[in-house]
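In the two complexes that follow, subunit A is the common piece, with subunit B as its partner first and subunit C second.
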Partner chain A sequence: MELRPILSAMWRNRTGSVLVAMQIALTLAIVVNCMFMTKERVDFVNRPSGMDIENIVVADSVGFGSDYEHDRTIDEDLRLLRELPGVIAVSPTRSIPMSGSGSANGFAGSRDDDAPRHTANYYFVNEDILDALGVKLESGRAFRDTEVRRADDPDLDRLSPQVIITRALADKLFDGEPAVGRLMYDGLGESSEVVGVIEHMFGAWVSWSDFDQVAMFPRRTGGTQTRYLIRAEPGRRDALVPLVETTLSEANRTRLVRNVRTMEEVVSNSYEGDRAIATTLSVAVVLLLSVTGLGIVGLASFTVRQRTKQIGTRRAIGARKRDIIRYFLLENWLMTTIGIVIGTALTIGINYGLASAFEVEQLDYVFLVIGMFLLWLLGFLAVVAPARRAAKVSPAIATRTV
Partner chain B sequence: MFFYNLRLARMSLMKQPGLTALMVAAIGIGVGACMTIVTYVYALSSDPIPDKSEELFAVRLDSWNPDEPYWDNKPEEAPEQLTHRDAMALLESTIPTRHAAMRKAVYTVVPDSEDVAPFLNIARMTGRDFFEMFQVPFLYGGSWDESADANAESVVVLGRETNEKLFGDTNSVGETVLLGTERFTVVGVIDAWQPAVLFYDMNNGETNPVEDIFVPFTISDRREIAGAGNTNCWKDEQIDTYWDLLQSECVIVQFWAELETPQQKAEYQAWLDNYTEGQKALGRFERPTNNRLSTVTEWMKVNDVASNEVLVVMWVGFLFLAACLVNTIGLILARFIAKAPVIGLRRALGASKGAIFRQHLLEVALVGVVGGALGLVLSRLGVMGVRRMLSDADRLTGMNLDLLFMTFGIAVLSAILAGLYPTWRVCQMAPAGYLKTQ
Partner chain C sequence: MLDMQDISRVYRTDLVETHALRGLNLSVDAGEFVAVTGPSGSGKTTFLNIAGLLESATDGRYLLDGVDVNTLNDNQRSRIRNEKIGFIFQSFNLIPDLNIFDNVDVPLRYRGFGGKERRQRIEKALEQVGLAARMKHLPSQLSGGQQQRAAIARALAGNPGFLLADEPTGNLDSLMARQVMDLLEEINANGTTIVMVTHDPELARRAHRNVQLLDGQLASPDLFARPAAADDVDLQPVA
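Entry: the complex of A and B
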């Protein structure tokens, strides 16, 4: 209906219209890409860990001096820790899952020389490890206490005869066949029998592609260092942290107790960078939408002021307030839509550029649709106030200044 | 004339405070967001030792698995560390001006005083050349002498913090300190020293703090040491003891050499190639000869210090600034068009196009300066936010003169860039058309 006068007005003010359209296009492109990359990071951080992260406390113990006795220290520590209120299970460990530090080795599912080797992140733990981590055993059994090798065992550095592995590792090693009872070989031809398979858990490195390939051996860590995984009943974790610290420190003065902290802190540290990027990108989205919104308000107000006379004339020859408002809404909608069309191409172009330069994933187009609606809404909201102000222009103004 | 223009600009900006505030905000927010991330990337990618970075070389030999390269994504590169025995062999070369093998270790520091609890410290086992090579400032004493390296003597250089804990910030040279079960004599205390990027060992975090204890590398050759760095192995060997590890193909040692001239570098490269040729005869180094010398900046690139994720955010920052600029162009254009009648009048009264152009450019530059000030404040706020989110960012995001100039430069340049087209447009207006409507 009124499209022709709008188009002709836009044509007369080409530069202004082009600028608004460009602004919308750039905003769409940035907002959509940022939302998409934020979602990627959030999904990455929220991958299920398989463990009862919220209820675990971890601690490091480092022996020093000539009086230090490793096995006795661990025996005593385990006894004391198990007696603490609210503790469900305790296991010594060589390293902490999802902490970013740990060890890995290659294992094969058969003795064949050409059997493919798969890398697994491995842990030295005791019979209570499943409860201490809160992981789910899918098949087989837990370790028996008699299977756990002490640090003074002459065979400590031989491969343990038993192993518990994750389903992800089992599938790689045995091509999806049942793993319990099968043998897993290291590079020197020694083997461990798989006694249990854990449904799922994270290894040490959250960014590693094979993060869920984990193996657990029933043994203590040699040397003078060990760590503890202590799982508490729900709600009792925070009280446990200072208790673990004092209990272990006071029990034995020939070692240092360090880094008593919640597993939640450990995990949160590992994802620090990802969370920072997600936050930064979301802040960018909010800021940019505000800047663009305010910019449109500013430009529209300016246009209204410029056209006061024209509006007055239209009102004087019979245009209703509704018509004036509709005129501005429609004009703005047209510019926004042109911007969105250009912006769609720009969005895909930027995603393509980021993908080829920095290995960003290919855009999920749902975000493009969300972005389009966001900008339509923003364009609409930004122009409502100026349009209403335009409608208030008195018809008399036309008679006054001509 | 300049001050007249400045006054005109101020008056004109004050006349429409809303629009002016919007322009300043757009530039300020754009520059602030962009500079927040640039500050971070700048710290990560600037040269940590500018005086010498072209003369210091990370030395690497490709001793890795004949069946597969060390790096999946950079097959042309050699491993980032050497085996212990290769490092010991390289120390025999007399070609480099200075050189040092190095490895991280954990020591329990047992203070003599009962009041101070024992504590763990990360130590660096390295050569006497380390300090001079990397321009490490000394507070007291200095590096150990050559005989200490040769005989693996129990001498130690302390960091300032550890010295303060043990000796209360006094000159402790000549005192002794118990590290684990061994007593070490203090020969020096280093002053505060922290390169933004820990370029000499980036294996466990590029922005880690400098170690606070230094002992001769050769100690690791004679006594059993609790190593703390990365151990990467490829060969199926039985490694039960510490001594097995030292003789294995596992790479555990970082190695740096100072080579002042291209000839020296070429000579050293030839020496290395000759060394690995000799080892090939013994059945080692089965991969094609690939001995690499990388300068500090090259080495930071190989290690991807500024990660892809961070670079993506930086590009988003630039686009963000671009969007804010388009916004500003629109606002400036609107303002100038509103002023058309005045400009028309001035032109009719004899003002030249040049004068009008200069005056309006000054006006947008003024917006740029104010926007830059806002951007500076916002980027500082942004950096504070980054520090809250990243625990290692504290060492990285200090303000310096470069960044200050960059912020203002970008702000003023953006404003002028944004104002160029509107100013040009305003100068093209025919005065007559606007005079009529007065």
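Entry: the complex of A and C
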């Protein structure tokens, strides 16, 4: 309706508007990039793990003293744990997937010396591992109990004859050909036959790019330490945690039971840094939006106060209250829009800079649209109160002020 | 055209009540040029504000063109101010960020006129006050007299029947004041009713009728020594 005179009035008082428009531009650029990076972190943390993490309890057992018998302890522990209420399956393991600690080795799909080697996290598990993790077998079979090497087996430290691997590893080793029945070689020329391929699971280190290359061997861990993966029926995990602790402790006093906790906690610890980044970025977004909102409120309030006489005069010569409100909404909308236009260029520039300097993805422009909408809304909400105050200025002001 | 009966206006604050008008009775006929005088604080501005619907009386009846203004809502009052009344203020009240053309345009936009009609009206009004050549100037680039003439153009552009002026020459030197007064006389001669508040007895004398306020009431002509123009007090318009 009256854009041209509003623009020319703004232009003659541009200092405040230019500053706030720049603030809006910067806010848009930072908010959009922060939202985008937050989303990337959240997606990263929420990658499907392939495992039934929510229903798994883990525990460490460390033997001590001369009376400690490793295999017998494990036999007994497995029997006791399987009898606990709500337990689906139990497997010993050397380390907990996604815990940030584990082992890896290079494997090749053929005996040739120049065959490419692929690194995989590996785990020592028993015949129940598929159920204990809740992973999905894609082809082949699970281990048989007779295949699981006990700790006192003289061949324990040789490569197990059988292995179950993830599809991601299988595709690397065998170029996408069926893997079941094929041999997988370690660096010493020993081999294991792939008996099963699981669809997907993660290994030890959440930020490792080959996180999904995993191999599992049917054997126990030597020495005096072992861990257990105990999968519960849905809803029964939390009751199981204290029960596992007391059951194992009381059964055998020649070892310590430590770190009985949910696998959810373990995984959550591993993502602590990523969650901290996401939280910090979100807080920054909220703070920045608040500060910018306050900036708009401040400028609008200042403008209204400064123009009290002008508002009264406009009212005196025929402006209705809604004309006054519309004036300030329009003026503010113009300023916000100028800020948004500049901010859009800035946003793309910053993302381009981040993308080339760090490993940040190309911006998803949905976030730009969300950011624009947020700032428009913010600008509108911030000016409502000052505009209403302006509408309350009495037309009598026109003759009462000098 | 303007008929006030028993108008009073009380300003209340926590501490004091000020009776700015106390039972004022006054009517102004169409085509009149009335000068309102009186000492400072006697209620002249209050009277003008009520007459121009800038504020409401605390008590009494005010008919404007036969309409009881008490029955009007805020939007209707805005509309009447916009269409029927032109205001001239002591300190001009031009919008400093708009040039003269845009200033005159302000009430016309509120009126909802189209661009072509607005342009014609603005140019005509600025010609009438002798500022056609200055329409791209900002108020700050004009002298006080020119600013007041621009404000008069703004008041005239909507063809109001009724012009209200509060000390229109109060901020001007005497030469400029006389020019503005010439202009008001010319406007009145063209049929616009004018009520003007002034301190200046010389200017007041040029009106058709003088009304003196004292303590929020009409001062009786018998009780006060009048300037030379005292005879004019009850004259009717010369129309």
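Quick note on the criterion: the second predicted complex is superposed on the first by the 395 of 402 C-alpha atoms of A that agree within 3 Å, B and C clash if a C-alpha of one lies under 4 Å from a C-alpha of the other, contacts with A are read in each partner's own complex, and residues count from 1 in each chain.
By definition in this document, contacts are C-beta pairs under 8 Å (C-beta built on N, C-alpha and C of every residue); 3 or more make two chains touch, one makes a residue touch a chain.
None of the values given here were measured: they were computed from a predicted structure.
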item	value
Contacts of A:A284 with subunit B and subunit C, given as first, second, both or neither	first
Contacts of A:I30 with subunit B and subunit C, given as first, second, both or neither	first
Of subunit C and subunit B, partner touching more subunit A residues	B
Touched partner set for A:T15, first subunit B, second subunit C, both or neither	first
Which of subunit B and subunit C A:P5 touches, first, second, both or neither	second
Touching partner for A:A355 - first (subunit B), second (subunit C), both, neither	neither
Touching partner for A:A385 - first (subunit B), second (subunit C), both, neither	neither
Subunit A-facing residues of subunit C, complex	45, 48-49, 52-55, 74-75, 78-79, 81-83, 87, 89-91, 93, 95-99, 102, 105-107, 109-111, 138, 154-155, 158, 166
Subunit A-facing residues of subunit B, complex	18-19, 22, 25-26, 29-30, 33, 37, 106, 108, 110, 118-120, 180-181, 204, 226, 236-238, 240, 307-313, 315-317, 319-320, 322-324, 326-327, 329-331, 333-335, 337-338, 385-386, 389-391, 421, 425
Subunit B contact footprint on subunit A (complex, rising order)	15-16, 19-20, 22-23, 26-27, 29-30, 33-34, 37, 62, 64-66, 101, 157, 186-188, 223-225, 256, 258, 269, 272-277, 279-281, 283-284, 287-288, 291-292, 294-295, 298-299, 301-303, 305-306, 350, 354, 357-360
Sites on subunit A touched by subunit C in the complex	1-2, 5, 8-9, 12-13, 309-310, 313-321, 323, 394-396, 398-402
